[in-house]
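Presented sequentially are two complexes of chain A, the first with chain B as partner and the second with chain C.
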Partner chain A sequence: MRLLYIETYKLFRQSRTYYAILALFFIEAIVLLSAYYQGTGIIDIVLANLKDTFYFQGKLLNGNLIIYFILNSFWFHVPLLCMIIVSGMLTTEYQEKTLQTVFMQPVVKWKYLLAKYIVASLFTIFLVLLLALTSFILSYGIFGKGDLVVYTNGLTFFEHDDAFYRLVYAFLFGTLSLVFFSVVSLTLAVLLKESFKTWIAAALFLIVSTLLLKIDLGNEVWNQIAFFKLNNTWQYFFNHDIEWNTIIINSVLMGLYILVTMLVGLFLFQKKDIG
Partner chain B sequence: MKLHGILLLFLYAANGFSQTAEEQVLFVKSRLDSIETFQADIKLHVDISFIKMPDKEALAVFKKGEDVVIKSEDFVLIPKRGLDLSFSELFEYPFMVVDRGEVEGQSTSLLAISILPSDNKADFSVANLHIDTQKQRITWAEINTKKDGAYTLRLTYPDSQAILPTKLDVSFEMDRIRIPLNFAGSDVSIDRKKIRAADQKTGKIRLALKYRNIEKTQ
Partner chain C sequence: MIYCERVHKKYGKVRALHNVSISCGKGEILGLVGANGAGKTTLFKILLGLVTADSGEVEIAGDGAKKIGGIIEKPALYPYLNAHENLRLFAKMQGANSSKQDVEASLEQVGLPLNRTDPVRNFSMGMKQRLGIAVALLNNPSCLLLDEPFSGLDPLGIEALKQLILDLTQQTQMTILISSHIIDVLSTVCTNLSIIHNGEIVQTGATSTILAACTTSYSLCGSDIKKASFLSDYDTVSNGDCMTISASATEISDIIFKLSQQQIAITSCRPVLDLQQLFNPKEK
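Up next, the complex of A and B:
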C-alpha cells in the first residue's frame, strides 16, 4: 500500500502528468469546436442520399453524436498520451538514477514495479473517467440531447436513453484497451530504459496495432483472439443488437493480455540489473 | 334537390360496379374532399435494409389544401411522398380515368384504374389505384411521380365506413447510402460487394395512425 501511495504521489508531482491532462482537454476542445462549426455539414453529407426520399424532423448533431466523436479519440490520441506518461514513470527513474536509491532500501523489485503497474492502470482509468465526465457534461450542455446515428454497414439510430447507456458502456470497456496500452508502455520502459526510445517504441506499437486492426488474419480464431483485434471492442456497443458474448470474451482476453504483459515486465525487471 | 342527391348516392352504392370507373373515382374523390382537417398520432416504423431505427411517434396535422405537417420531439424520417391521405395531388389538375378491370382484394373484388393527368403541371405521370367500390375508398395506389420516382401505398381501414386509413404502408425506390469513409469508425469493415449489390433498394415506411379528430364537411 505504501508503494502505491508513493507511486501515486510521484505521478502527480510530475508536470508531464498535468500536460497530459491538458492535452486531453485540448483534444476534446478540438472535437467540440469542429463539431460546432462543421458538424451540420458532416451530417448533411451522411444523410445526403436520404434527402431525396425523406424529410428530417429533429436534429442529429447533438451531445450523443459529439460524445461518439470523442470516443473515437480512443483509437490513437488517448492511448498515446497514456503511453507517454506511464512509460515516463519508470524511464525518468532510470535516467535520474533514483531507482538505485530506491533499491538501496529493502524494497522487493517486482513489488515495486507491480505498484507502478497498478498506479499506471488507475491513472489510465482516471483519465478515461475525466474524459467521459467532461465530454458528457460539455456535449450535452452545448449540443443537447437527441438520437445518435452511427454507421456500421448501414445507418443505425439509437434513441437518447439507449445511446446514453451504450456510450457509458463503450467508455467502460474502452478503458480496458487503454489500460493494455499503458501496461505495454511500462513493460517497454523496463526493456528500453530510455524515455525517447520507449516513446518511439510505444508509438510504433500503437500505430502497428491500429493498422493490424483492419487486416484480416484469414482465420476466425486469430481474428477473434489477436490483441489488436480486441481494441475495437467498445464499437460493439454501437451494433443494433449488442453482442454481449463477444464483448465479454474479448474483455476477458484483453484482461489476460494485460496480465501476461505485466508478468513479462515483472519477470524482466526482477532479472535485470538496475543501472 | 338534396333528396335527389341522397337517392343518387343510394343507387350508386347499391349498384356498385354498374358505375363507370370515372364515376367511382369521382365518388371516392368527393368523400376525400369532404375531409377538412384531421390530427392523428402516428407511429412510424422504418423498414429499410440499411437503416435500423426504433419506431417513432409523431403527430400528423392535416388541413385541406395544405401538406400534412409532422411534429415530433424525436428525430424522424418522414417520407416525402405518400402522406397525402386526401390524394389531392392526383385530382389537382384535369385527369383521365382508364378502367383496368377487376382485381382480387383480400375479401372483396376491387376496381383497378389508372389516372392519367391531362395537364403537364401535374407532379405525376400515371397513378394506378385499386378502389373498393362497395366501401368507396382506395386500398392500394402506385404513383409514378415526375421528380421523386415511384411509390406505392397500401391502405388499411378500421371499419367499413372509414375513409382515412389506420395503417399505411409506403414503399419507394431509393438509392443506396453513400457514407464518407471517414465518418465510419476505424474498425468498420466495409463490405463493398454488399454495398454494390444494394445499389437500388426498396424502402418501406409503415405508419399506424390513431385519429384525435377528423373534421368533415357535411
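Up next, the complex of A and C:
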C-alpha cells in the first residue's frame, strides 16, 4: 500500500500527467468541433438514400454517433497516449537515476515495479473513465440523443436506449485492451530503459498489433487467442447480436495476457542490475 | 563495517574490477582514489547492491533495516518535489519515520534550510549533495558511501561537506567510504586510502604513509622566494611567486627553516604528488 501511494503521488505531481489529460480532451474537442461544423453535411451525403427509405428517431448526427467516433480513438490515439505516460513512469526514473536512489533504500525491486504496474493500470482506467464521462456529457449536451448508425460489415442501426448501453459496455471492455497496452509499455521500459527507444517500440507495437488484427493467421485457434486478435473486442458490441461468449472468453484471455506481461516484466526487472 | 574480498566484474569484454579487496572499520573514513574509469563507481554500485559482482564476497555489517546508504555520482532526487517532499517520499518508501519533525530533523542534520519549499531542480549542487546525504542517512544506516561527493562544489561547499562528513563519523561512529580524484580533499578527511587503477587496487594504507611515499616534490609560495640563492642546489621549477622543488619531506623542512632564517616569508607549502607513483607503484 505504501508503494502504491508513492507511485500515485509521484504520477499526479508531474506536469506530464496533466499534459496527457489535456491531450485526451484535445482529441475529444477535435472530434466534437469537426462534427459540429462539418459532420451534418457529410452524414447527409452518405445517408441521403437511406433517409428516404427508413425512418430515423432524432438526427443522424447525434450524441451516440459522436461517442462512437470518440470511442474509435481506442484504436490508436488513446493507447499511444497511455503507453507514453505509463512508460515514462519508469524511463524517467532510469534517466534521472532516481531508481538508483530508490534501490539504495531497503525497497524490494519486484514490489516496486508491481506498484508501478498497478498504478499504471488504475491510471489507464481513470483516463478511460474521464474520457467516457466527458464524451457522454458533452456529446449528449451538444448533439442530443438519437439512433446510432454504425458501419462495420454493413450499416447497423441501434435505437437510442440500445445504443447507450452498447457504448457503455464498449468503453468498459475496451479499457482492458488499453490496460494491456499500458502494461506492455511498462515492460518495454524495463527492457529498453530510455524514453525515446521505449516510445518508438511502444508505437511500433501498437501499429503492428493493429495491422495483425486484420491478418488471417491461417489457424482458427491462433486467430482466436493471439493477443492482437483480442484488441477489437469492444467492437463486438456494435454487431447486431452481442456475442457474449466470445466477449467474455476474449476478456479472460486479455486478462491473462496482462498478467503474463506483468510477470515477464517483474522477472526481468528483478534480474537486471540498476546502474 | 564494509568489507569486500576478491571482487570481479566485467561488462561484456571490458574488465571493470579485478580481484578488488577493501575493508573499512567502524568509525573509519576510507578514501578510494582513482582516475575516471578506474572502477570506483562500479565498486560502489556493487557495495550498494545495485550491481551484482561476477564473483567475490561483499559484506556490510550493521544493524537495522538499512545497513548502508549512499550517493552514486550525483545525488538523484525527484526534481519536481521540494526537499521536504523528497525526504518524506524516500522515508515512506522504506517504512522510516516521515513525520514533519523527522523530516525537519533530517534537513537540519545536513545543514539545509527549512524554509526552502521550491522544487529541488532549483537547488545548487551543494544543496543537492546535502539533500542526497540526508536521504542516504534515512533509517540510520551504519555505513555511508559517497561517490565523488566533492565534484561540482565550490570551495565553500567542499569545506562544508568535509565538516559534515567529519561530524558524522565523530557523532555516530559511522563507517564512511568516499571516492574521489581530488586527493587534496581526501587527504584531510580520510584516515586510510585505497588507490584503484584499471579496476585493481594498487595500494592501500594510512593516508599519510601513502601520500608521503608518492610525494617527490613540494610547491612553495612566497613573494621573495626567488631571492633564496641556496635553492639553486635543488631541481626547481618557478611559476610566478611559487616554486616547485624536488625534495624529500626531511629536506623540505630544512628548506623552510633556512627560508625563515633569511626572513623569506612562505605563504603556502603544498606536496606535489607523483601520480605515476600513486597509480602504478609497481612500475616505479
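Keep in mind that, in the parts below, the second predicted complex is superposed on the first by the 264 of 275 C-alpha atoms of A that agree within 3 Å, B and C clash if a C-alpha of one lies under 4 Å from a C-alpha of the other, contacts with A are read in each partner's own complex, and residues count from 1 in each chain.
The rule we apply is simple: a contact is a pair of C-beta atoms (placed from the backbone, for glycine too) under 8 Å apart; a residue touches a chain by one contact, two chains touch by 3 or more.
None of these values were measured; they are calculated from a predicted model.
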- request: In the overlay, answer first, second, both or neither for which of chain B and chain C A:K59 touches.
  value: first
- prompt: Which holds for A:M104: it touches chain B only (first), chain C only (second), both, or neither?
  reply: second
- request: Tell me which partner A:L155 touches in the superposition: chain B (first), chain C (second), both or neither.
  value: first
Message: Under the stated touch criterion, name the partner, chain B or chain C, that contacts more residues in chain A.
response: B
- prompt: In the superposed arrangement, does A:Q14 touch chain B (first), chain C (second), both or neither?
  reply: second
Query: When the two structures are overlaid on chain A, which partner does A:D273 contact: first (chain B), second (chain C), both, or neither?
result: second
Field: Partner chain(s) touched by A:D147 [first = chain B, second = chain C, both, neither]
entry: first
- request: Would you check which partner chain A:L3 touches, where first means chain B only, second means chain C only, and both and neither mean what they say?
  value: second
Message: Using the touch definition from the top, list the residues of chain B that touch chain A in their complex.
response: 49-54, 58, 70-80, 148, 172, 174-180, 183-191, 194, 203
- prompt: Within the complex, which stretch of chain A touches chain B?
  reply: 42, 45-46, 48-50, 52-60, 72, 75, 146-147, 149-159, 162, 210, 213-214, 232, 235, 238, 240
Field: Footprint of chain C on chain A - complex, ascending
entry: 2-3, 5-6, 9-10, 13-15, 96-107, 273-275
Parts of chain C lying in touch with chain A, wherever the complex brings them together: 45, 48-52, 65-66, 68-70, 72-81, 85, 89-90, 92-95, 132, 135-136, 138-139
